[in-house]
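Consider the two complexes below, in which subunit A is the common component and subunit B and subunit C are the respective partners.
And now, the complex of A and B:
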């Protein structure tokens, strides 16, 4: 009888119920993967995420104009376009740049760079750090970053990607 | 057959008892399986979401990138203090504490030894002697 019970228990296929947490974990993994692709040192494009952050000039239109071999020519917000390629169609996202404006004052600045609306209650967040150095070859800084890097050399920027499913 | 108590001879009740026992054991087994499945469904994503795997990896990775950019500058106290301050503020805004200290820097060999510490409360990670080799390590 015990042997039969063991056989039944070992042979039974138990389907793990899918909870909201499983979906959140999957979504977070998708976001982390997308940022990892952008943050990888590509032999042709370099670190694409770093290029995108470096050319951002803190304008109201949030233009990020940078052409890459991987994602092609860009106009408007290249980071938005690249993330749209990398993320599934049923996932919406917002993106913020968070940085310390002046390390002597300990002020953290949050700038919304991609705004696709209000995140749902089940939104998850993926993050990446990007460090901008003054006069780094291959990564020319925008006028805005040149002014902050003057105060903080280097300038550490957190790229915060908020994702939610629709 | 006459003279035998009919209640003693009626053995149908044993089947009812046996069926009840089988059903009871079956229910116990089923509840154990279901309980395990529920635990697996809840614990696995919870572990993914709560354990700061990406934060730890990202912090360590970024420090390596700083070293690769210019390993000699790691000996500059003001430079490290500025980087530490910015990183502490960024991680601190989400409840994570980090610290970096430079043990030694060898500008000739392009290597450095660092101590990295990151904690979010339940999880603490301490790289007591993080070795960075800017020549042989690819990032």
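And now, the complex of A and C:
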């Protein structure tokens, strides 16, 4: 009887739609698109992601301030405003910069740049790499990066965008 | 005497019955296990629609598309100029710039006359081959930009049934606009401020065949009630200036009184302040902040109305004069040093959202 029950249950086909994973994939794609749009190589009417990273001075959260033209305005956190403009209204996000603080010790530093709260259980992450060189033209490095980026040792920063729906 | 009980009331199942029931149960289990597998191939595939929607969004957002050049037997990406031979409809400017879309390709995509629905479905692989037949998916593809423009193809998504949807974010590469840092590039006459922008004769035919957009920002405000006042332009031989149409009264050069054409007709153009329409070019625009963005648009018809020569070869330069109140304009005494419009050109990108529905 037990064997019969076992065989019957194994034989039944149960279709489980994976709608949850589809939603996660869609949200991650939106995050990837937002970082790609910010990184589009036209520095004048849209701020390149690299420039945002370059002017960050290792200060507390919400301190990236840059004169923008189409994205955000000249007061407040321009990167926060740019991402808020791009992402849907029902999506919250945090942004971290992750980099090696000291090349000799390979210490990885994670700094929260934009903090909009604790991510939900269904949060997804999008990433993009930015490389800062010591002799950048057009992207003046902040005092903080100037102390860490050397001519022969460019600084690679991972921009990590954590998104979740509310 | 003890009577032996008969088998029918002994409480024991006969071996024949056991064998029969076991065989029956085995057959039943086999059927229950086998039959669902017969129908698996006919199950609806809700996951497949999500993949189709994603694939369509990737083709549109990240691929420039292609058409088959039957002369060279090679595919090329400028399908928007060869819609009859399109093989794949992509909207990206090129392969190296995903999520950056071409406005020309978008307008060709939205052209229902030249790009039929069936051709579009094939160009976006919105069908599934079953045997020798192609089953086409229902779809709706809608692209909207930050200026409120909307391009859509396909049908209205159904209210019920299996429908997959995906949303993407991108930028539309619209056209080249002039961006002018007012603090450093307004050159001409000061007090009152009359700044000149020069279009060299070699560029007149190309630039004056379309509307000209000027975006001015980073104003240096020098007094109360700063404002834009008016626009004037003149076509002149620069080698004869200052003299014929441009004058230097000591505080810098500007268009001579009585020369040039004042753009005071509604059809000549318009202004916007921080994206908000203000009026025609003869309407004052109050500026409140140095970071205000003043957009000045000179319609192409204004050059015709002014009687300018804009057909190649063009002999004379065009000077455009913006008049301001209490905005700093650096004095310039040589027309050759005036800011050239060509040097201010930058591509303008508009944020856009792409939604793909497939059913």
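For the reader, a short list of remarks on this structure follows.
Rule of thumb we're sticking to: the second predicted complex is superposed on the first by the 138 of 166 C-alpha atoms of A that agree within 3 Å, B and C clash if a C-alpha of one lies under 4 Å from a C-alpha of the other, contacts with A are read in each partner's own complex, and residues count from 1 in each chain.
We adopt the following convention: contacts are C-beta pairs under 8 Å (C-beta built on N, C-alpha and C of every residue); 3 or more make two chains touch, one makes a residue touch a chain.
Every value quoted in this text rests on a predicted model; they were computed, and no experiment measured them.
When the two complexes are overlaid on their common chain A, residue A:100 makes contact with subunit B while staying clear of subunit C.
In the superposed pair of complexes, A:85 makes contact with subunit C only, with no contact to subunit B. Contact with neither subunit B nor subunit C is seen for A:123 once the two complexes are overlaid on the shared chain.
Once chain A of one complex is fitted onto chain A of the other, the partner contacts of A:158 are limited to subunit B, with no touch recorded for subunit C. Applying the stated contact rule after C-alpha superposition, one finds that A:30 touches subunit C and leaves subunit B untouched. Common to the subunit B and subunit C contact sets on subunit A are residues 8, 12, 15, 17-19, 22, 25, 29, 41. By the touch criterion given at the top, residues 5, 8-9, 12, 14-19, 21-22, 24-25, 28-29, 32, 41, 98-100, 103, 106, 108, 124, 126-129, 131, 133, 136, 152-156, 158 of subunit A touch subunit B in their complex. Residues 4, 7-8, 10-13, 15, 17-19, 22, 25-26, 29-30, 33-34, 36-37, 40-42, 44-46, 67, 69-70, 73-74, 85-88 of subunit A are the ones touching subunit C in the complex.
Interface of subunit C with subunit A (complex): residues 25, 29, 32-34, 36-37, 40, 43, 46-47, 50, 54, 57, 61, 97-100, 164, 166-171, 179, 215, 217, 291, 293, 346-349, 351.
Interface residues of subunit B facing subunit A in the complex, by the touch rule stated above, are 25, 29, 33-34, 36-38, 40-42, 44-46, 48-49, 54-55, 58-59, 62, 65-66, 69-70, 79, 82-83, 85-87, 89-90, 93, 139.
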